[in-house]
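In the part that follows, the structures are each spelled out as structure tokens.
The following pair of complexes shares a single chain, chain A, combined with chain B in the former and chain C in the latter.
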Partner chain A sequence: MKGAGYIFDAIVVGAGPAGSSAAYTLARKGFKVLVVERGRTPGSKNMFGGRVYADPIREVFPNLNKSAPIHRWVTKERISMVSGEKMTSLEFEGKKNVSFTTYLTELSNWMAKQVEEAGGIVLTEITVDNFIVKDGRVKGIRVGNEEVFSDVVIDAEGINRLLLERAGLIPRITPNYAGLGVKEVIKLSKEDIEKNFGLGSGEGIAWLLIGDIMEGLPGGAFLYTNKDSISLGIVVMLGSAMERMKEHISRYVERLRLHPLLEKYFREGRIMEYSAHLVPEYVWPAIPHRLYGDGFLVAGDAAGLLLNLGYNFRGVDFASYSGYLAAQAVEKAHSLGGMSAENLSIYQELLEKSFILRELRKFKNAPKMRKNERLYDFYPYLINAIADKIFHAKYETPKIMDAFKEANKGRIGWFTLIRDLYEVSRSI
Partner chain B sequence: MSVAKDERVKKEKPMKVDDILNNDIWDVDYEPHIRVDSEKCRKCKNKPCLYLCPAQCYTLVGNEVLFSYEGCLECGTCRVICPENAITWNYPVSGRGIHYRFS
Partner chain C sequence: MLNIVVGIKWVPNTTLVNIDPRTGTLIREGISSIVNPHDLVAVEMALRLKNEYGGTVTVITMSPPSAIAGLEHVIGMGADRGILVSDRAFAGADTLATSYALAKTMERLDYNLIVFGQETIDSSTAHIGAQVASWLKIPYIYYVTEARYIEDRNIIRVKRALENAYETYELELPALISVAMHSLNPRRVSIYNKLRVKLESPIETWSNEILGLEKNCIGLKGSPTALAKIEMIPKVLRKNEVFKGNDVKKAARWLVKKLLEEGLIEI
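Up next is the complex of A and B:
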């Protein structure tokens, strides 16, 4: 299948979850694969909130449970509405191993090791400058003065997509279609974590918070328990943050860390790492996407494959599974005779049939719903004010309706309330 | 490798971004991977980079935005939000830049 000068069947750019999943799948099928990663080690440029859904990844890496760096299985889900020093929460507990916490740096490193064990080559400290494009077809990569050719390039470079932009294959991402995640990882002993959060050994909590900790900015906060640390951070939408942010973004994370209702959970901790990363917030299928072309495929964050429902984020499993499908597309295109756009278009079909695009289409109204500012400001206030009147009733307990009226003070009409409720339940 | 300071989480005063960043490690490139076109930058009123760069690489001195690339976390936010398109942002060369370990 190779002409002169071709060394690899496939070059994968980026050893994150998408890239390594593609490379691992191809290597296992006998393709000669090269993964290039700009970081010093695979994962060293990766960052996420803190939780991974296991099943899609186990389909790609069957030995996930055996050797992957799983910190804690999430057995507790908590969603909190915060307003001042009041918090109303919804908590779910169930002991099924569906999602786990980890450091993405560790998980990516583990995935890259699987690639090597399957026979793929992973080179780190390689920053790709450009794709080699001839007659509209991607032929390989350029690193400094070196050129490496392959039949196909799988772009898993991450959300910033500089290579795709430089090759003129994709427009620059705009602020309305990206979020910014910033987190602190706080060291805390295993015993303190399990005691403070009421967890059994190896159990974890995923905790999402909305309300005035974000000063009314659309976005939210998260807390995940790792083995012996917690990941504490925020996600803001760039478009609205650009217009409305009044303080440096680190202050928002700090307010979370010092929040009187939260700090008791990690008072004894200390900061281990501070990190930031962009998150795709595309509206599917309104944004035209270039997921394949002559000689290339795009997977993971670079393809905008992430679902944010406000109460859960699915990025790593989408990335991993899209890499897996990209590898299947390459295999199929190979059997059809080459890596033309037409042959690689099977990738789009595979994505459409998979849970990834089904989910993104199903929840296509979620991004719009999350722009409703009452969700971040007024409703957390309202719920806490009602709860306060009911639970802090000293002699006489008000009826819920009266508590609502008193808390609402006429600020929101029934029509708006019902419309918002309808929008939320219809969107997510 | 910088060693994490014994900064307890509970503090009375806000921590400086620099102190928080002290917990991270970098292999700093010799050449900046960020360039700012100061002509274009001067035209910008809101300067969202001052608030949104998580590493506070952009600071206001007088009316000018000064930037440093050394503490960059490579999120790419500045490039996306810059209203004047004044920022050229590249991936740092081979292995340079931020090196996350626990994220």
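Up next is the complex of A and C:
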């Protein structure tokens, strides 16, 4: 068969942050690497909210600060609780280069370019149909009736883990273990962004909102400032959102954009893009899934390596770093004599030792905590009602306790309040 | 054997392009480019002919270097070789200057069939095929939906679609055919062919240093076409009135009255 002579040391499925990080690390070590991506360009199928934590990625790509498409360093964090047309916010400002905003398409493209410059091959518009499995060992990939072989396959196919499902290596994902992110990108001039959000040149804001702005959907809204646009969207827990959604999810985002508290920030804007994507929400490590086997490793979203704290999301850096660790595992297995599950099991150890699994374990109760409906509904109401009574007092200012009592109207007791507070501070 | 040359164009994805209502120009910012979809149909036709009768498929485009991605795509589909005709001297070319440069490139190749798409989605002139054939002094035909090579007579027999009929023609080779849009479904790229792109570098760039074309015949200087003006078609404002209520008879009467008032119907 024509082309049957193509053999690689490693094939990486998916040119997102996980795949390209794995491929780049391997290519730099002299491995013959092929990356296959089903989108027209790297990053054309993935999506994120808007913010990336730099340090883990810089470990993988040392030239991150020099040449990566960094839009703005996040210097302002704002968390808001919304109730009707009232909003109470907590804001933090600090000027360190810890996380930045970007377009994931641009970042993925940049990473793929690093792979090619390091000697790897990146092919787009290639949809892998399945793994070639012989004697229980993954030997390569099948695309239509064509086969390409390799010593190891790194699966970084993202949350739609069709390959892993087809190979019977993992169970099908269910709505209870997935979130749904929906986002609009609104074009706005650099000057307007900096003026409207009170930012210096190159500075950005990460803004999360909860409350009735979500119209009863379990989840939160986010806003990130890019170079000359804004990413605005929501993340909902898919399982419970499906039961409650009264109309298409895009309508919720539409109303978010037109919300009287938000609309003024991007009135001059023009919508450029609408996108939606699943987000892994595994209850780690309650769901056992093997991230390695004979001839394969799983990294990134496909491995469920994403942290959603409600006030913060860590996806891209987790993905990138897990790809980096997968590459290290391959290198180690290579020195041990081959890509057997036993040799590749070092991947699990590397993950356990890394910040990724430490974080996921530490915050393993976060998904449960986020199921507490009062967080989305009652507390935003309560805090705004109290603030309203205190700040919008016309003649007499009530004491905070009296404002609380009046706002609470006996709806929750002290016990519930303290227990919720305890749960939240213990979970996140 | 058929040695086929296909001409393609790398165009902005016009399905994504909006028009600035104030200036009347295309907003190209952030719009990705694609191979003109009608040209993919031409490539598909060429690949089918090659598969059936043997030979080669060479794809040519005249464009800035970004079009290499387009050549990679069609080689991914199965074309053998890509030639990017690219030089600052070619910039600003109208269809005459473009067809001249393309014809002069093709002259240097060993071909007996040239295939073009029907037209491009970004300009829709459908000139290039006919003009290339004229420069090369070879027969040409448009709106081809099927083609058969009859080797012993050195002809290509084509069926072409007109509005209400199919015609069959025989063209002596070398000849040029322009394939009717939507007549074939372009194939997906194959991983072996895409790997070939990366490992065997089947794409060449030909500048005017190679072609040596007279400056007066290329680029802006060789382009007599002048676009005088673009006028936007004014938007028709609709009144957008809605009848409220459930009474069908009333609704019908209301509608008829409105239409009569507007002079849209007569009794």
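Here, the second predicted complex is superposed on the first by the 422 of 428 C-alpha atoms of A that agree within 3 Å, B and C clash if a C-alpha of one lies under 4 Å from a C-alpha of the other, contacts with A are read in each partner's own complex, and residues count from 1 in each chain.
Note that a contact is a pair of C-beta atoms (placed from the backbone, for glycine too) under 8 Å apart; a residue touches a chain by one contact, two chains touch by 3 or more.
Here the structure is a predicted model, which is why all the values come from computation and not from measurement.
Legend: residue contacts after superposition of the two complexes on their common chain; A:Ala276 is shown touching chain B, with no touch to chain C. By the touch criterion defined above, A:Gly304 lies against neither chain B nor chain C after alignment on the C-alpha atoms of chain A. Once the two complexes are laid over each other on the shared chain, residue contacts for A:Pro42 go to neither chain B nor chain C. In the superposition on chain A, contact of A:Gly219 is made with neither chain B nor chain C.
When both complexes are overlaid on chain A, the residue A:Gly211 reaches neither chain B nor chain C. With both structures placed on the common chain, the touch criterion links A:Ile126 to chain B and to chain C. Using the contact criterion defined above for the overlaid structures, shared-chain residue A:Val182 touches chain B, although it does not reach chain C. In the superposition on chain A, the chain among chain B and chain C reaching more residues of chain A is B.
After overlaying the two complexes on the shared chain, residue contacts for A:Pro380 are found with neither chain B nor chain C. In the superposition on chain A, the residues of chain A contacting both chain B and chain C are 40-41, 125-126, 272. Listed in rising order, the residues of chain B touching chain A in the complex are 4-11, 14-15, 17, 20-21, 23-24, 27, 46, 48, 50-56, 73-77, 79-81, 83, 89-95, 97-103.
Across the interface of their complex, chain A is touched by residues 30, 32, 73, 76, 188-192, 194-196, 198-199 of chain C.
Within the complex formed with chain C, the residues of chain A that make contact are 2-3, 6, 34, 36, 40-41, 121, 123, 125-126, 143-144, 146, 148, 272. Put simply, chain A touches chain B in their complex at residues 38-41, 43-48, 103-105, 124-127, 159-160, 162, 172-175, 178, 180, 182-187, 229, 231, 238, 241-243, 245-251, 254, 257-258, 263, 266-278.
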